[in-house]
């Protein structure tokens, strides 16, 4: 797990000012983020169902983006807690694509290895591995591999449920694979070379 | 460009304005000047000058001097839009003895320097625009401005506080006013309010005297329960048709005793005056101090009109004033000026579904609360929950509902902060409840407004800076059971909060009237994409419109508080009085006329004029245009297959020449 | 004493104008009695070299009918201009290009193709005319076509124009009378550049049909309107009649007998583009506000360009279609 | 043609809507392509097809006609007349072998400075794509027989 | 029979088989002809976008490109899974809103010999199809066994009504579509305040405590409103509430029993199909008790905000709004009818 000595959200002093940060995040976000339009009203933070688990409310993260607090933002657990419920998006008076910004922050945190808990990032990566391998998601493989690594104890408690899913035919132990794997691979390989630059 | 060959070309002067640096920073003004003198010399340009501010008195004198000394016969000023300074420079020419209509403005600011960046390209375009103006002005003809007398009467549309104010100002100056209001009584939104911020004086106490004055003023003719259906004519001479909806009450006989209302057996929800919070009879006066005092029968809900029986009101009326046979009637009035004070609609709070209005009983709108807190309202001034009895112990007031939100209305409704503070005060005063105010930004800019904010702070209202995310009845724990929970981020604490309350008040914003677009067409005034009427100039001419003789006042142009609306009403009145005192208006002499020799009487133009200015002489089999009715649109000019119709100011010759000028560079290249 | 000289020439045209002149009956004798016919290929035998031999301005009056289609036309135009005091563009071809002018819609290549190498032409050896041909006897030439059809005024300076396809005989007679009166000092010539032998308004002025405010829901070909109301304005019946935009002078010949005016007298006084007048005229009577509906009504005019420019194309603002102009 | 072809376009504006929209675009400092040169009419109903033909025949590559939105005409309904003429004019142009897309009618209210600016940019690009018309040059031919051309009409 | 391109999504062949089976049963009688997109791939759920943008959208766009190739007659792609529906729709929308994204994604697609022009397809959810294309009247007409007396909590979840860039739904927070459909098949529908709140999504995997709390909120308020059963349109929601209910109970020491099924399963019952053909019995939290209830009367609950007309004493309520659009205030009396 990556270590960073700076923990800006523990001090009242801003120690980093990366003023291009906001623009960078905006650029790397799908669609037109409208991030620069945020008026700090807090309708996002107010809307968030799992807010109680978050280091920062989304609004606060956006303020920190403006303040250029790169590490603090990318270390925040907020994007990883986001459940993609889009309540904030439809309520935002400025049409900020909040959920998509959260995705962007995750990908940046992964690229820069800034996240502080590996559970979520690695779950995503496992999921993606499956998809890149088979072209379809593979719940059984995903669950087992994930729990083995991150919650071996939970695996036990979950097994009853998992068993239920298996016996009721709601989970298969063999992955489905699409015909066009080579094509998909070609597409994804190409895609990985590309970056949103404008 | 051989049209002029033979006959000698008139002497043209070209004046290029720097407009400080507004033009010169993107257009090489000197180059344009030099080019005009050289290249356009062949077209008749004898002098070209450039100057820092052509519109300044010195700039104008420059032109006057040249007209006199160089005997200029045409003038082109390359500067800003003709809508700003056409009159200025026509004036200059006139003073120097040149017919004002032989002067043209070439807009190289709005159409060139302000909208382009590349200086070289902009300069070339500027030249083209100037060339166009020069070729055009050569074809201009001297015209005489048309003067028409102004009818001294005025129409005021909308009987809210702005309209009442305007009407009184004009009436007190001794001129007749028709005050049209579509509701049964004048008074408008203000009549619904209890207290007014920041002074907290009672709305009724300050409004009703004005209403009464308007209702009894010898110079004011009230046309309530009426709507304007048609407007014809132009400044000074409007012909307006007003539809008077049937009251089913003979106002000559009615004494306003109110027995009919008392006896009427049927109650319906009052969506207008009581904002849906209370009931009224089917025959009703909206409120006690209504002006005029005569009641109205709400036919669609009236048992007699539905079932053919009842007539309770008729039976009990001591003066036999009830008249079920009344039909709507149309009256035509002549006025010289019109003031539109048509006001606003309130935002429909049900659209913000996350605030639960319409689904959660104890979520109220600001207007509902106004009625509730009003001693004359449905609860007699008691602040209670939807059950009609329980007093709230905690109240949440939410700002900016439907305002400052791209999902609804982008703009700030400007009164909500103050009205919310007022509510906080009233709730505290009447119930002692705990009050929360949820705001994004506290906006208290006018006189004594921030002081009021201070006062409410003192009173212990709890302010939370954050746009409320949702109001829900889905409790998460006992503390929240049976309450409305306001979920919000306290942006100052940086934490999400769930605050259980008994009552929620939504401070809903203002919207343009739902029929603002129709109204704007009816009166020919501009209407923004939002629906607010457009001022002639947002700063310097806020009560005039692009249509001469039609003024605007109050919330019809955008959200305003009472002082601002009153001020605008008075300002619009001043504008009208100024016109009336001038006794006559000057009209642009842009008119079409038909060459009787060339007209073949084919009658193709006859169907084209919406102002019925074209008449056909059966005897001579030719059409003719009535200059008084012609508005100068030029549609018939463009339509005449025989080329028999010509239009002053925008003649074919002028426009074709302008095209040649605009394309001069293109053709020089060939 | 010698009589003033008269000439008439026939370039790119059908010859109808010559017939029209002969149509004036015994008036033709007045021509003979007042003029020496110096040059009139149709009527008298004279050679171009005779004309060339004349001193400049020796011919008093030349009636020129026909468009300028080839180099010979152009050459003769310049020649007769030099030799004549008064040059009159006589008839629609000379004044506005007329039917020959419609060639301006097609490229020359196509015109040759159609004329010499299509089924309608019997051309076994597939002859394709060349401006210059070598034969044993030497070199023979035929005049090359110009890129497009020109009106007389587009090539030389013209004194008067006399519209019509052909000009009405009574109008011709009137003009001849006028000239004679001028010769006898009894009348004044109209100002140079005037249109003669025609009215100043449009056909509707002379049309006897009843007319009202016009609103059209559909345009229909005259043969589809059966029977057309004999009293009522044809346009009001949806029949695309060019009368409203066409110069008066023919006494509304066609509408009188129930046929729509096709516009042979060209534009009214001072009109820059004849077709444009018809576009606005027809558009103005359409009774619809929805684009689709308007388009549906316009479908009733299958060939608008032909309808509006049948006679005037060569003299229109565009003068030709882009096909003929593309370089 | 070269990519740097800069079309010259004549724009006809209505005094009450689009001309004011142009003023608004100016006061708001909105930037748009400099290829359009505007002429002010009192109403789009004043637009005589002659003007459009004159512009195209005299060297313009395109003509932009602007007026009040349907139902918003300052003169009540004259913009509908402009619409009818425009639709018929396009058919005639097509018959002449001129791409009807070279003439475009757009509605822009006095409040729509931005819309006007955008419409102008779009139209300039459309004309750029069509390439030069250069009718004035075509007419200025030497008058002698020319080789086979192709029609310009695009559908 | 109206034709649609069909994107089932991974869960339809595993955890949400019941959804798939029941949909396949009811499609025919409702006249819905589903043509499965050949060789479709996973949409990346909410995971891939969190790692790498362009690949994530290329992954989605491959499906769009394949679908576009198949579209003849219809341009509508139907997705029953919320996440799939949203991903497909978002890709189509963003590729247009952000041309730069569109270009990049197409560059990637070219590598696989594919291409997609945003706007070529309409991405719609099966519920949208049933209510707007098929229509309630047709549905009502097909009902043979109205679910009289079954109290259902309509649970739409998040990704169907939100962000709804194409404005297909009546409201992003309290839409009426699912309610209408359930009423049409005779069920008693409760005014479920949490109809569109979150089930915890993938948090059941990576942050169970967070998820359990969200699940608890849902189950508890469904129970508070005396619902016999919850009805959803989303595999993830169904999975979380069904399969993780016992976990949740264990975590909070509660004893909730709130079965949850797919709306297509209930439609199936109403259309008279036998439960086993509709995938009943595959749920972890048994529906036996609930289904047994059908036909039994249940007393009226106290609902907040009863409609104005019924209520003479106290203060009147404004009528409910039908569709959330700008317009004349108080414009929707019809909302009452």
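The chains carry the letters A, B, C, D and E, assigned in the order they are written, with residues numbered from 1 in each.
The rule is short, and it goes like this: a residue touches a chain if its C-beta (ideal position, glycine included) is under 8 Å from a C-beta of that chain, and two chains touch if they have at least 3 such contacts.
The model shown is predicted, which means the values in this text are computed figures rather than measured ones.
A count of contacting C-beta pairs for C-D and for B-E identifies C-D as the more extensively joined pair.
The chain with its Cα centre farthest from the Cα centre of chain B is C.
Rounded to whole angstrom, the centroid-to-centroid distance between chain A and chain D, based on C-alpha atoms, equals 50 Å.
Look at where the CA atoms of chain A average out and do the same for chain B: the two points lie 50 Å apart.
With centres set at the average Cα position, the gap from chain B to chain D is 32 Å. Contacts with at least two other chains are made by residues 272, 277, 280, 284 of chain C.
Residues of chain B in contact with at least two other chains: 354, 470, 608, 638-639, 652, 656.
Of all residues in chain A, those that touch two or more other chains are 87, 90. Applying the touch definition to all chain combinations yields A-B, A-E, B-C, B-D, B-E, C-D. The touching residues of chain B, counted against chain E in their complex, run 269, 271, 276-279, 345-348, 350-351, 353-354, 357-361, 372, 378-379, 384, 386-389, 408, 470, 472-476, 511, 514. Within the complex, the chain E residues that touch chain A are 10-11, 13-18, 39-42, 44-55, 57-59, 62, 90, 93-94, 97-98, 100-101, 104-105, 107-114, 158-159, 162-164, 172-173, 197-198, 200-203, 205-210, 213-214, 243-244, 246-247, 250, 281-284.
Here chain B touches chain C in the complex through residues 597-608, 621, 638-644, 652, 656, going by the rule given at the top.
Touching chain B in their complex are the following residues of chain A: 39-48, 51-52, 56-57, 59-60, 87-88, 90-91, 93-95. Of all the residues in chain A, the ones that touch chain E in their complex are 28-32, 49-50, 53, 79-81, 83-87, 89-90, 99-100, 102-104, 106-107, 110, 119-121, 123-125, 127-128, 131, 135-137, 139, 143, 146, 150, 154, 157-158, 160-161, 164-165, 168-172, 176, 178-180, 183-184, 186-192, 194-198.
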